[in-house]
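Both complexes below contain subunit A, partnered by subunit B and then by subunit C.
Up next is the complex of A and B:
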């Protein structure tokens, strides 16, 4: 059990800044996802937590104790690697037993009991006598998880552990890991570039890009109130619509004008006008998720803009409709019962409370 | 059958298991063409390998010598069956050369392995100047053995630099008779072999250490394994096949040790540093007993082949387990 704090942590490799001024508080027993595209610094962060790398500056604390220079083996962390890193020359049993038998020199009965307990938990009891190199990748990753689990680490670090597994097994392991974490109450940090995985598993998500922390919040927060355009773009299974908008104010309300002929201005009445005073006349972008757009009859007066259907992607549980209005393309997620034909003219309504506004200069979300 | 190198000491190595025959999609005409294309190569192989061996076996069963006045192909006139073999296997000077060679091989290869392995473990870490140091360490291997033998001949003189340097660090004036004292001479031969061939051991083992997957070492690190535990449970098991191969290569080479022994001492004083190769060379080119040498060469070849085949068994067992 451990609480983790990162304070102003930097990691440079020569002139490359892999992690930039990262500050993160991870409460004891929480399940955190580090989410970001490849090269964003998430694996470097993991390696610093495990002790394989030392931060260039800043402090990493476990339970208030600075661990910057503590040997990886003394940190009481479990680490599951993307490519398993199991000992290929040993049996599955010897792999799982390594931490107890070789390192901690526990008596044989203890080792056997513990290995069997862990193997049962992971449903690999029948594979223990097999050579690790002969196992399927799915079972290899289970062995790797077992090998890390057996020493009861206070912190469990998983570096894209399921990215090489097939989709069905990945979904299964996702649920299993979450159950396991609930049972063991360990602090678990999970690196992934898959936002679905992060959303499904984590209590909190830390989103990184270019070595910088972009947002740290609950799945709900990062989804519904993205801090900036990067987060808004990265999170969500169908990418958010981004539209150039011109800002204006009328009577304390914010008015967004879209460059679409005959489009209605989007008026936000919840005191958003003050944003305009601060930000002056800079360029802005309106963001809205495809699921927060509604398709209407083109004659319906609630329609904010009108467009024609370009393409329909039927995904079974939902359809994605691509529309063009003026020069602007929209993606709209609709229930499977709504299936317009290509070329149909339709009205689009934006749900006001889900409209995001981003500053083009900084990318920051104004609301 | 002219020089010591061709007397069969270059054992053809342990036989590699041929792969299981596969169904060839080629038709008869293509197969015929294929045979024609490999024929020149096979002919060359027959001339270079099969012919000398057959000739060697033939001569070994006779009392033929080049100074006897008759050509080798009429050697059957002096047919003596296995007398050469019996003579060799009961000859004290041959048997003591075998024992001496085995001892030199064990000591030299053992020390080469320990030094080479420690260096390899050291060189797997990145440190400034590593590339240059690697090249420096490999230099002895690149020197022609005859030249290095002569260099060491000079270094090991009683008034030579080695004794002088030892005198600096040890009390008194050291004047060890490296080359003329019967108990020092084999040591001198062993030292030269170690000096010259540790780099090869280092090179092979370095490639083995570098092939140990880094993430497995990281995993062991995070589990809290000490360096010794990583060495014992991760690095060594992964490296076992390459260690065995390095030992076999070096042992087979060391068994044939000739240059150093010949240049330093000619096998002397007396026969104190005579190795198998030196013994055979003396018999062939000083005593002109070619048929006797041929017989001993066959004995040595058989012995080395059996030893190598035994040594490689652990690797074969491992491969069988992996298949």
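Up next is the complex of A and C:
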């Protein structure tokens, strides 16, 4: 069991800044996802937590104790790699036993008991005698998880552990991991570039880009109140719509004018106007998720803008309608029962409370 | 005959011809080793393609046996010789030279592969050691060895054999190490191994096939060396190839039969080693650590 604190952690490789001033508090027993595109510094962060890399500056603390220079083997962490890193010259049993037997030199009975316990948990007891090289990819990853679990690490680090697995097994393993984490109450840090995975599994998500922490919050928070345009763009299975908007204020309400002919200005009456005061004349972008748009009859007076259907993607559980209004393309997620034809003229309404506004200069969300 | 069987037959014939071309010297050596003296040095100009009345006389001769005079041409005038010491010398210097090259070479290769030791230039700096012909440097090395009093000593040969085969070890082993994902070592380190422990317990077992191949390759190079052993040693420390070249008698000149017998013995260690590590020679068996 361990709580983890990162304080102003930097990692530079020569002139490359891989991790920039990262500060993160991870409570004991929580399940955190480190989410970001490749090259965002999430794996470097992982390697610093495991001790494979030392931070250039800053402090990493486990349970309040600085571990910057502590050898990986003494940190009581388990690490599962994306490519398993299974020792193919050993049996599955020997792989799982490695940490206890070879490194910690435990007596044979202890090793056997522990390996069997772990194998039971992961449902691989029947595979123990097999050569690791002969296992399927799915079983290899289970063995890899077993190997990192055997020492009862207080912190469990998983670096994209399921990205090489097939989709069905990935979904199954996700659920299993979550269950396992609840049972063992370990602090689990999970690196992924798949936002669906992060949303589905984690208590908190830390989103990184270009080595910088962009937002740290619950799946709800990052989804509903993205801190900036990057987060808004990265999170969500159908990408958020971004539209250039001109901001204006009329009697305390914020008014967003879209560059679409005959479009109604979007008026936000919840005191958003104060956002404008300090922001002056900068450009702004309006963001709204495809699921927060509603398709209407073009004659409906609630329609904020009107456009024609470009493309319909039927996904079974929902349809994605691509709509062009003026020069702007919208993606709209609708229930499968709504299936307009290409070329249809439709009205579109933006749900006011889900409208986000981003500063073009800083990318920061104003709301 | 269908086109397919024709192609197969043609291929077989071509392969047989090429094999015959390459194996004929071996055949000649083997048969020569068992020919009595009148057949390997016929005065009649006749060619004996196959030994008539095969004999072990040549083998007895190189291990101190009294030379038999089957021709009456004066073998008896030559003194008895014994190749045993030279074979032992060769085993020692070639074997220890190989061990030395492996010890230094494997560490270097792992350092280069895993930690990029020496930057981009080091591997090529090591490789270029092999790029000039040995004859070009052997005389300066002779001066150096004489100065260091390594000339004509076991250690002198072991050191030079280690040095000249070290680049091979680095380049071969490096390619084997490169194929192992770095996560293998990292996993072992997170489990509590030191860098060296991870290397020994997780990496080395994975490259043992490559290691065996490299060791055999290097051993053959050292074992078959003639030039270096001739220049840097040859009076007190005599390796088998040098000994072989010196088998001659006053009456017949070079004793081809005895040379063939010794040569036949000398190809045995590499052949036996190759058979012993046969399964490791098939590279790639151990390279499934990542299923791509």
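Please note the rule applied: the second predicted complex is superposed on the first by the 367 of 367 C-alpha atoms of A that agree within 3 Å, B and C clash if a C-alpha of one lies under 4 Å from a C-alpha of the other, contacts with A are read in each partner's own complex, and residues count from 1 in each chain.
Just so it is clear, contacts are C-beta pairs under 8 Å (C-beta built on N, C-alpha and C of every residue); 3 or more make two chains touch, one makes a residue touch a chain.
All values reported here derive from a predicted model rather than from experimental measurement.
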item	value
Fit-or-clash call for subunit B and subunit C when the two complexes are aligned on subunit A	clash
Which of subunit B and subunit C A:137 touches, first, second, both or neither	second
Touched partner set for A:151, first subunit B, second subunit C, both or neither	both
First (subunit B), second (subunit C), both or neither touched by A:175	neither
First, second, both or neither for A:196, with subunit B first and subunit C second	neither
Intersection of the subunit A residues that touch subunit B with those that touch subunit C	50-52, 71-74, 77-79, 81, 83, 85-90, 98-99, 102-104, 133, 144, 147-148, 151
Residues on subunit A engaged by subunit B in the complex (per definition of touch)	50-52, 71-75, 77-79, 81, 83, 85-90, 98-99, 102-104, 131, 133, 144, 147-148, 151
Residues on subunit C engaged by subunit A in the complex (per definition of touch)	181, 183-184, 186-194, 197, 201-202, 205-206, 286, 288-291
Sites on subunit A touched by subunit C in the complex	50-52, 71-74, 77-79, 81-90, 98-99, 102-104, 133, 137, 140, 144, 147-148, 151, 164
Touching residues on subunit B, where the partner in the complex is subunit A	213, 215-216, 218-226, 229, 233-234, 237-238, 321-322
